[in-house]
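So, here's a batch of structures to check.
In the two assemblies presented below, subunit A is common to both, partnered first by subunit B and then by subunit C.
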Partner chain A sequence: MKNFKRILLALVLWAASVSAQVAVIANKDVPMDSLNKAQLRDFYSYEMKQWDKRVPIAVVDLKLPGEAKEAFYKFLGITASRMKSLWLKKMLMGEGSEPLAVKSEEEMVQKVAVTSGALGFVSLSKITPEVKTLLIIAQNEKEP
Partner chain B sequence: MSFRNLKLGAKQLLGFGVILVLMASANIFSSNRMKAVKTEIDEVAQSRLPRALVIAELKRSTLDLRINQLQYALAADAFSKQAQADLMGDLLDRINKNIEAYDSLKTEALNRQAYSAAEARAYSAFGEKWLNYQDSTFALLRLLRANKMSEALALLNGEARQVFEDFSADLGALVEITQKDSQAGAERAEGVYLSTRGVNTTLLAVTIIVSVLFAAGLTRFIVVPVRLLASAADTVARGNLTVQLGVNSEDEIGQLARSFNQMTASLREARARMEQQAAELQANNTELQRTMHRLQQTQTQLVQSEKMASLGQLTAGIAHEINNPINFMASNVGPLKRDLVDLFAVLSQYENVVRDHKLQTVFAEVETLKRQLDYGFLVEEIDKLLEGIEEGARRTTEIVRGLRNFSRLDEEGQKLANVNQGLDATLLMLKHQLKNRIEVIRDYQSFPDLLCYPGKLNQAFLNILSNASQAIKGEGKIFIKTSYDGEIVTVSIKDTGVGMSAEVKQRIFEPFFTTKDVGEGTGLGLSITYGIIEDHDGNIEVYSAPGQGTEFVITLPARR
Partner chain C sequence: MRYKTTFAALLLLLLKFASATAQTGPGDLRVFGYFQAALGHQQDATIDRKLKSFTLQQLNLFLQKDVGQNWSAFINFEVANSYSSQRNWGAFSLEEAWVNYNRSKQFKLKLGLLTPAFNHLNEIKNRTPLLPYIIRPVVYESSFSEVVDTDEFAPQRAFVQAYGFIPMRATKWDYAIYVGNSPSINTDPRRGVTGIDTTRTFLFGGRLGVRHGFFKAGFSATHDKFDARVLRDSLQMRFPQFSFPVDQFQNVAQKRIGADLSYMAEKWFFEAEYIHVAYDFGAAQADFDKRFFYATLGYHLSERVLAYVSYWDAHENLLPVREQGFQVPTLGFTYEASEMVVFKVQSANAHFDGVNPEIDKTYNYTYCAVSVRF
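Then we have the complex of A and B:
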């Protein structure tokens, strides 16, 4: 019975991870076509503040919790709380600015599409041609 | 195969095995239960309490953050503002570290399925509110950056405060939950411990009972039989070989008992054989002693006969030498008497002539001489003297005859001899001892001459008679009786002497046994006698008691 429950749980998580395939998206004006994990982390935490000398990075965060957000933060290896603290610390040092907050993935896509230098994430299914996809996070290794 | 038939080792093994199984089951049971207790305690000690600590730390840090934010907002100068900003960064780090520590503890607890739904709910509520609080901090920083002081303070005392109080409440709930769960765990652990202790006590009691039973069994199967064996061995050691042990087990004790039985049986056999051998040995020994006794007698007799042979020769010589002169005397006394009668007749005739012829005056001088010499007495005295000589000669002749009779010792080989005459000759030898003191009463039956060693037989009689005379202190009697039934001659010599004790009677025939003072007796007499009678294939018996005299009865087979 216990094993059955475990198998069921694993199946559900696997299904979730499959459905929660997340894409890192950016405004079309960013000068990069792809990102690796380290770059993504540096850019998203304002460790790097600009795409290049012309275009500053504008981080967009999903305000409410959800599968996409969870998968994204897991991929980064950082908690949402920690990420928020990092942003706050940057602000306290006068180096960064508050990320743009959106309330839904649809709004995220819109916001990234219209904001110069915007960097965000969204479920793979929500992508529109208005944004540039830099990285697809296929989370197969699931952690309960 | 019953328990009784098991070897001792198997019995012990079985007993110890049962005890071991009991102890092992008690141990396994309690170790399992203790594992459960340990799990509970570990859960409390390594997860719940650390979580509670982390939560407490979180509560403190968030409170610090709240104060810090107020101070940051109210900071008068750039320097203190920067200090508060640095502190806020540190506090945020600390809070995140605590959150991450809690998350890792939570993940482990989830893996162990030891994370309660209530705690999960409270924590996720806190998580959301905390994120909201950080959002409000963004707003705060934004307002302060825009120098909207009053709005910033309004935010701090309004929305931010509300969120803070909310998640503080959540943290309080979390602490309470972890405490309650810890309490419950401790109680469960205690419950398990108590029930385990109960079961263990029961198992211990059972183990003790089984051990006692096992010890009793050991006693029953080892100690009791060994004690029986020991007492049986003791009995055997005291010489009772009839002991047999009942064998009712197949173990070593049983084997021992069987071996013991075999041993006693062998011992019995051996002892019987030994006793038989001892009896044979005894018989042989008796035979040997008898032979030796005969040998000694023979030796003694040899010595004695040698001695007596010499004595006999001497006696014979003396007898012969005395015989001639005594013959002169005996044969001359008669003629001398006759001659003296003739001489006195002549003298008497002289007196008649003197008286008839009145020649008294002429022979006055003769008469005077006669008176002077007491002639009448003289004549009478000559008669008496002659009678004395005659008597002496007769007695001397008699002695010589006795000596010659006795000295038949030196005669070689057996001769026909008259036993009664032999007895008389021996009595003659003893005449001076008996004299008037002892009366000899003879009761002879006449019978034919016996083929014998007459000298030796006489010596045997002499020894007995001599002892008889010596046994009679003062006056007494000796009865000598002979009889003949056609085959056996019986000679009985009985005295009225002092008699002898049974001890003395048993030993009188032993050589050199004597009751006389040293130097008075050789202790050979009766043993020689015994030997002599044996030489004649005869028998000698003695009947005596102290104060009742002694009787020797000699029986001799008549051979011709």
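Then we have the complex of A and C:
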């Protein structure tokens, strides 16, 4: 009985840790299989506007706040509102546009799956085979 | 007047066409912009004279289109101070029209009419949604151009700019170099085509900067020459006791040096700039050097509310004619009602002082404004 409880507790903790993890996802035509934090930050802030092989990057953002969004921007070391200011600056300087915005993580997966060069993020549990996973962020992962 | 009306009609036609064809996908024409309307109260503290006025301070209309895999075109029309060609109010201008070649993060190129990189504010000085100010730091405030030679503190226009950044670990090294016209632009149609540089020299300039996280700093410089013979004639007439040789005023070298610093931490932000403008009149007894400094400290009281204090200080020599300066402490708040609408309030206490004539004036400005993106 004791062992059963321990296994159950471990399963609950594992499930919780999976749901707390965030995956950085991309369209399958993206010519990269992984990326690091510096690249991710450059892509999201439009410092870099193209993938290798000149595929344009289409950044996708979640409109509403949530655990995944909070963890993602915490990992990038920037608040969501400050990132919005960066996008606005790029747009008004003629060097970028506002990202595609979706209402839910399910919609994020669909959008990334059907948009060429798309880059987004969702909770690890929401990933489907239609998208490519480039990076997994553990929620307790801090900015170096 | 006729020219202005024809131009406005053409612009309306263009916008009608643009709005009919504009899509939201990449590669299509995008039309967007913003305006800022303000209510201002100005008080001359010396003689207790008060002015109150509404104004459409600024409206900018942008057209942008990707015109090739690495190319995009951008046009910026600006109207200022409740523009009306019928009533001769305000100003309408084509501020920018350039094409951008984005080769890589290390090398980008802008070709056409553009605002060059100089310190922190020059490129964004007219992007009112990006700024917490209603009245901008004085040398960037076009509505103060009658009081201060704003054009001389920072380069207004260039025609070719190469720029980019070189990453080294977590640090990014920014660079920008540009070429433009000297300030001697023909405005008299009897002397030929207007808007054309009448000298054989160019404006050369650039900025070198560093970014690390939310820290940013840079060093800027420009060099150009201008024809100051008209100025020389008026100086000679007014001060016959001094010598103003004509050849010393034919190609006067103008050098600008600037430094900028900004930092953001949690809810705080800080930004500061210094500009020094030096003129070389050779042996002539003239000194037109200028300097400007500003620093702003801001704090996000909440996600939507920002408070800031700022201090501006400028000094202009116009010797042997006069010497003048001004100091402006200011504070303000912004409230982001939505992503597109921001309310702003600002209060400034501007003190002007000068010699020849003796000036000692203080003005109190209070403004509230709404900044709207569309």
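To be clear about the criterion, the second predicted complex is superposed on the first by the 121 of 144 C-alpha atoms of A that agree within 3 Å, B and C clash if a C-alpha of one lies under 4 Å from a C-alpha of the other, contacts with A are read in each partner's own complex, and residues count from 1 in each chain.
FYI, a contact is a pair of C-beta atoms (placed from the backbone, for glycine too) under 8 Å apart; a residue touches a chain by one contact, two chains touch by 3 or more.
All values derive from a computational prediction rather than experimental measurement.
K.L.:
Given the alignment on subunit A, is it a clash or a fit between subunit B and subunit C?
P.N.:
Subunit B and subunit C clash in the superposed model.
K.L.:
Looking at the overlay, does A:Pro56 come into contact with subunit B only (first), subunit C only (second), both, or neither?
P.N.:
second
K.L.:
If you count the residues of subunit A that each partner touches, which comes out higher, subunit B or subunit C?
P.N.:
If we count touched residues of subunit A for both partners, the winner is C.
K.L.:
Touching A:Leu88, do we find subunit B (first), subunit C (second), both, or neither?
P.N.:
both
K.L.:
Which holds for A:Ala101: it touches subunit B only (first), subunit C only (second), both, or neither?
P.N.:
The answer is first: A:Ala101 touches subunit B but not subunit C.
K.L.:
Where does A:Pro65 make contact in the superposed view: on subunit B (first), on subunit C (second), on both, or on neither?
P.N.:
Only subunit B is touched by A:Pro65; subunit C is not.
K.L.:
Which one of 1-9, 127-135 or 163-171 is the stretch of subunit C that crashes into subunit B?
P.N.:
With chain A aligned, subunit C clashes with subunit B through residues 127-135.
K.L.:
Quick check on the output: what are the common subunit A residues between the subunit B footprint and the subunit C footprint?
P.N.:
81-82, 84-85, 88-89, 91-93.
K.L.:
Taking the complex as given, what residues does subunit A use to touch subunit C?
P.N.:
Residues in contact with subunit C: 38, 42, 47-50, 54, 56, 58, 77, 81-82, 84-85, 88-89, 91-95, 97.
K.L.:
So in the complex, which bits of subunit C are touching subunit A?
P.N.:
So the residues of subunit C in touch with subunit A come to 26, 30, 32, 34, 62, 64, 69-70, 72, 74, 76, 96, 98, 100, 102, 105, 123-124, 127, 129-130, 165, 167, 170, 172, 213, 264, 303, 339.
K.L.:
Flag every residue of subunit A that touches subunit B in the complex, lowest number first.
P.N.:
Those residues of subunit A that touch subunit B are 63, 65, 79-82, 84-85, 87-89, 91-93, 98, 101, 144.
K.L.:
Okay, in this complex, where on subunit B does subunit A touch?
P.N.:
85-86, 88-89, 92-93, 95-96, 99-100, 103, 107, 110-111, 127-128, 130-131, 134-135, 137-138, 141-142
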